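Two complexes come next, and they have one chain in common, chain A, joined by chain B in the first and chain C in the second.
Presenting the complex of A and B:
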């Protein structure tokens, strides 16, 4: 009898646990709740240590306040960029997409468009002059397909490089190079002074290294610039590309740290932040790290200067923005469009700039005095970038996504001499062709 | 002449054995110690000198870990989900294992093959169908959804272990129970299950660790804090251009402690069960 009681109790406990576990919280998916308020489930990777986490949280708070009783955003945190992309891809496969998706640097727009799941925003944007004015030519290119506007950008990608003024002084270098010949001469001078000139990486798509590569290609000649402006290029076996890869090979062999081979962005960043290297190519989101004492020394920010690339080049393109996906409930779609408009408004762009030093997607949004005081290096860089004669998007934003792995696999072989520049470009072309 | 004297060759062999064991212990413990030590180092220390000792011992990494991610909530979810999965798995699969080990019925081999087959299906191939099924059952973002999926994922291994365990128990025990008047159910619960402790512990540990460490389904099948599990919390500390390794290692330390404890407590049973039946007498 006693044992039977024990069995019954255990059974009751399991049933209780299981039924408790299945109790659903409200509003897991976007829908209209009982008060008639439309709830938007918004998944985002901009959480945790992501630099934009604070901005997104603030925008959600403001939106919910502004549209109280009408719309509400429920934030779904998906920590980790790749986790976010993986989950969206699974949802794409099932057609069960959240109403608003941030394309970011992952080109999710084209994946969703291929399945005809994206809402055309052209009519809405054209009808709203304030919204339309935020679209520059570049923003239209990034967010439109076949003449139709599908997305709206909030952030721009303005990327140059940072240098360590103290190490430059030690090597007797007065200012950043104006030409590539001068740049390589500076690398040689730094090396002779016992200073490693460059932070570079090869793993995780080699972000830092490909910034140098793309800058070399874009400034080689008109064909190089055209190549950089081409979406999903398939032929990497071009004279400009081969010449640029040869120079990157030299950089990897002679002017960077040993841990660049197989190293990730974190190692490259740490080498610069710890004063081991004199230069790193990266965007303004890194500025916050210069004052982070868990990553660098107290006075490091004072030692950092910023520059555009030699031959007057800067990466400058809006990052693919927010887009609305087709929903069975038109009211949810309407709410989603309102959210995209709010999240990419001049106010939102200004907020990103003031809170986190995010470069606005629209050139109509000016750098405020508050941002200038808070991020002097950003302000200095924006002024420098304004004078750049050549500008385009970065190579990763335009290449087929499978090449991100190829570049990581082949750069170490390029450095070791297993393959030469031509061989590298041939492999890139071969892997790009797999997409056609 | 002292016949107990160990000759130099044996001494050398004994020394080599100890050296080998010490090397194995170091190899096994080093990653854990490294993670633990790193949880007290700054980001710069971790990246610049990976194997050095921390300059100071402070708990800022642990404080950051708790601030940045809802790690305690996820921890509690993991304990509940892994606990229920382990219990359900062991209960159901021990029954199934017993039937497969002892009973004869039509299609037995085919059914066993079918159930074991799911072990070789890659997890990525299951993602889409499982997502659709869980959604259509209204179990998206619920603990029950994860419990069902994890129970199913752990099924082949537990079945394999429990069937082998019951096959290794002499039939005479059951026959004696039947002679004494015990029925099928009573024989199973009171005679066979206590004899299969090793197999039960082994499948329980594997089911617990499998559920505790699982990441992909936890990511895809949940959207909020109410059902998410511990592995997801570790992703809060690194993004493409931002990282907090100190907090990450602190979170990893918190995350691995239960796994180590569970394995440490049951390691003898697990090892004896995995080697059970290797030699037939």
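Presenting the complex of A and C:
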């Protein structure tokens, strides 16, 4: 009896361990099913509470309907963009990638290209005039390497800043600044009126702060603009960059909240949404927050105005889009190309704009009346942005990813005066060099 | 021939040993081997670089800072933190009024998740509405208020406070060990005229030496793997003021996609762990049966 009990215990232990370790893998590979339909497994972080979730779900539904019996997309939901990037990086390591990847703001395209795992779309795009017309010059730059098109964008990144009209009125400011001198004069005026001028942050790559920084660099001179257009720059120790960092240092020292130092985007946003600060640099995706009563007061949206940056600058660049990875089955690759084409079509871009206020990647997609009614602030901003004289992508989209941490770690020292602007730029250059 | 009892021991141990080999030893060997390679996410294949990663690491000022921070934290944890926990255990051992209550309450911070602890201290040290600055202002010391976690002068001690004060595990383990000490030894010391302090110093502490050594090993390894509390509160900044080796490793892996270099840091952490444990075992004579 005792022996039997021991044997049973060991069996239970081994079975438990083995079953725990070898949970039958879900069939998440893309393949052809028994009806001859090609099933594309598509992992995405654009699910759940993600703002683009509704758009992606609708596109999947429409695609599956259109290609019923031929192709089918099966969504693999990965909540959180960090988890998504981690998953793709792990799959890059093994070379076993899903057929379609959304590059987003994570520059996954270059990582996949380094491993020669991306399908060249040039021929397909050239052969389809409707598809090709959606590529602006900027979209070609974002999605091409060495003259070959590898990806297709659906969304644009159009970023200016928002201001609180009520606080501007209180300080006697009539309209957003046209030049940087005027901008800093307005900051001073707001400060004298007892109003904190700017929402800023330093943690989590300092998204808000680096938007101000990039705008200052891009508008300093031609070299500054060239720098902003350079992919993965390694030399930050330039006169334009140093001059811009000096101004950001002034902003951090004099014109922002105490909790900006070490604070995350959420705190910066909360300071603006609660009426504590007069301005925040951010994209149109924030517009939804202005009417969200869990985040701000009922009438807050009426107080918000939108502006492009001084010296007629706006961040305007298509976000790196969808790309197809090399597959052992050419039929799966064909299906993936159809999916990318469908997901980045004019219809898809229009859907994103109408449903969620996503800025279209192509300027051939116009703001519909539906979007104007639903997102008036966005429409106003798109019109303002159309007149901007200088435009480029934001700094984070082009810098080496390790510099995101460097910025977060060094901005507090810049604010406290432990390092000066030149020291900051030298550290950035040193850390950028670690990638070579 | 193995007797039946030994055979059963081997059979019972086998699954665990097999899992250990699979989950820990094999990856550990991979980490060690790849530390000699240029192993990056973007590289199509590995290339052997000998000691190049180690030479780069030992010449990297960021490594020097992370290494010294890690060592300082280990020293603080093994001495002051364990000392504080032991002192409290010796007080509780006297079974002063409410000792069971204190023992239980002191453990609470240790059962709160690190993520929650990090958030709590972020709020305590918040420069705008933090508890610490509010207290300072309310007692007329507003001029001392600052951004504790982001000031280069205060970030290190401020982060240390996030875990330093909570020695619940040490107290619990040392107290349980003290409670199992033969009462007659304490009685004998009293009869010989030893004061309570002398009894603690010359009778109790030597008897608790092994358990204190064990808690020092636990404290040191806790510091060698400390990541989340620092990541949540300061992210290793300002500058590299609060960066330790695990954070440096994470930066090499996540930011630079340089797995070979990250694994080199991993090897250094493992070697440090072995060295620290050997030193503590030697100093505290953890394996020595004599008192």
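Please note the rule applied: the second predicted complex is superposed on the first by the 409 of 436 C-alpha atoms of A that agree within 3 Å, B and C clash if a C-alpha of one lies under 4 Å from a C-alpha of the other, contacts with A are read in each partner's own complex, and residues count from 1 in each chain.
Operating definition for what follows: a residue touches a chain if its C-beta (ideal position, glycine included) is under 8 Å from a C-beta of that chain, and two chains touch if they have at least 3 such contacts.
All values derive from a computational prediction rather than experimental measurement.
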Next item on the list: Using the superposition described at the top, determine whether chain B or chain C touches more residues of chain A.
Entry: B
Notebook entry, point to check: Once the shared chain is lined up, is A:321 touching chain B (first), chain C (second), both, or neither of them?
Noted result: neither
Next item on the list: Examine A:93 and indicate which partner it touches, taking first as chain B and second as chain C; both and neither are also allowed.
Entry: both
Check: Of the two partner chains, chain B (first) and chain C (second), which one does A:402 touch, if any: first, second, both, or neither?
Finding: second
Check: Looking at the overlay, what does A:50 touch: chain B (first), chain C (second), both, or neither?
Finding: first
Notebook entry, point to check: Which holds for A:214: it touches chain B only (first), chain C only (second), both, or neither?
Noted result: neither
Next item on the list: Mind working out whether A:435 is in touch with chain B, chain C, both or neither, as first, second, both or neither?
Entry: second
Checklist line | First (chain B), second (chain C), both or neither touched by A:83 | finding: first
Checklist line | Set intersection of chain A contacts, chain C complex versus chain B complex | finding: 14, 17, 21, 93
Next item on the list: Report the residues of chain C in contact with chain A in the complex, numbered from low to high.
Entry: 8, 11-12, 15, 19, 41-44, 126-129, 147, 149-152, 234-240, 243, 251, 254-258
Note to self: Looking at the complex, which residues from chain A come into contact with chain C?
What the structure shows: 6, 10, 13-14, 17, 21, 89, 92-93, 110-111, 114-116, 202-203, 257-259, 261-262, 400-405, 408-410, 412-413, 416, 418-419, 434-435
Note to self: Using the touch definition from the top, list the residues of chain A that touch chain B in their complex.
What the structure shows: 14, 17-18, 20-25, 28-29, 41, 43, 45, 47-51, 76-81, 83, 86-87, 90-91, 93-94, 96, 105, 207, 265-267, 270, 273-274, 282-283, 285-286, 292, 294-296
Item checked: Residue ranges of chain B touching chain A (in the complex, touch as defined) -> 42-44, 47-48, 68-69, 80-81, 84, 87-88, 127-128, 131-132, 135, 138-145, 147, 216, 219-220, 223-224, 226-227, 232-233, 235-247
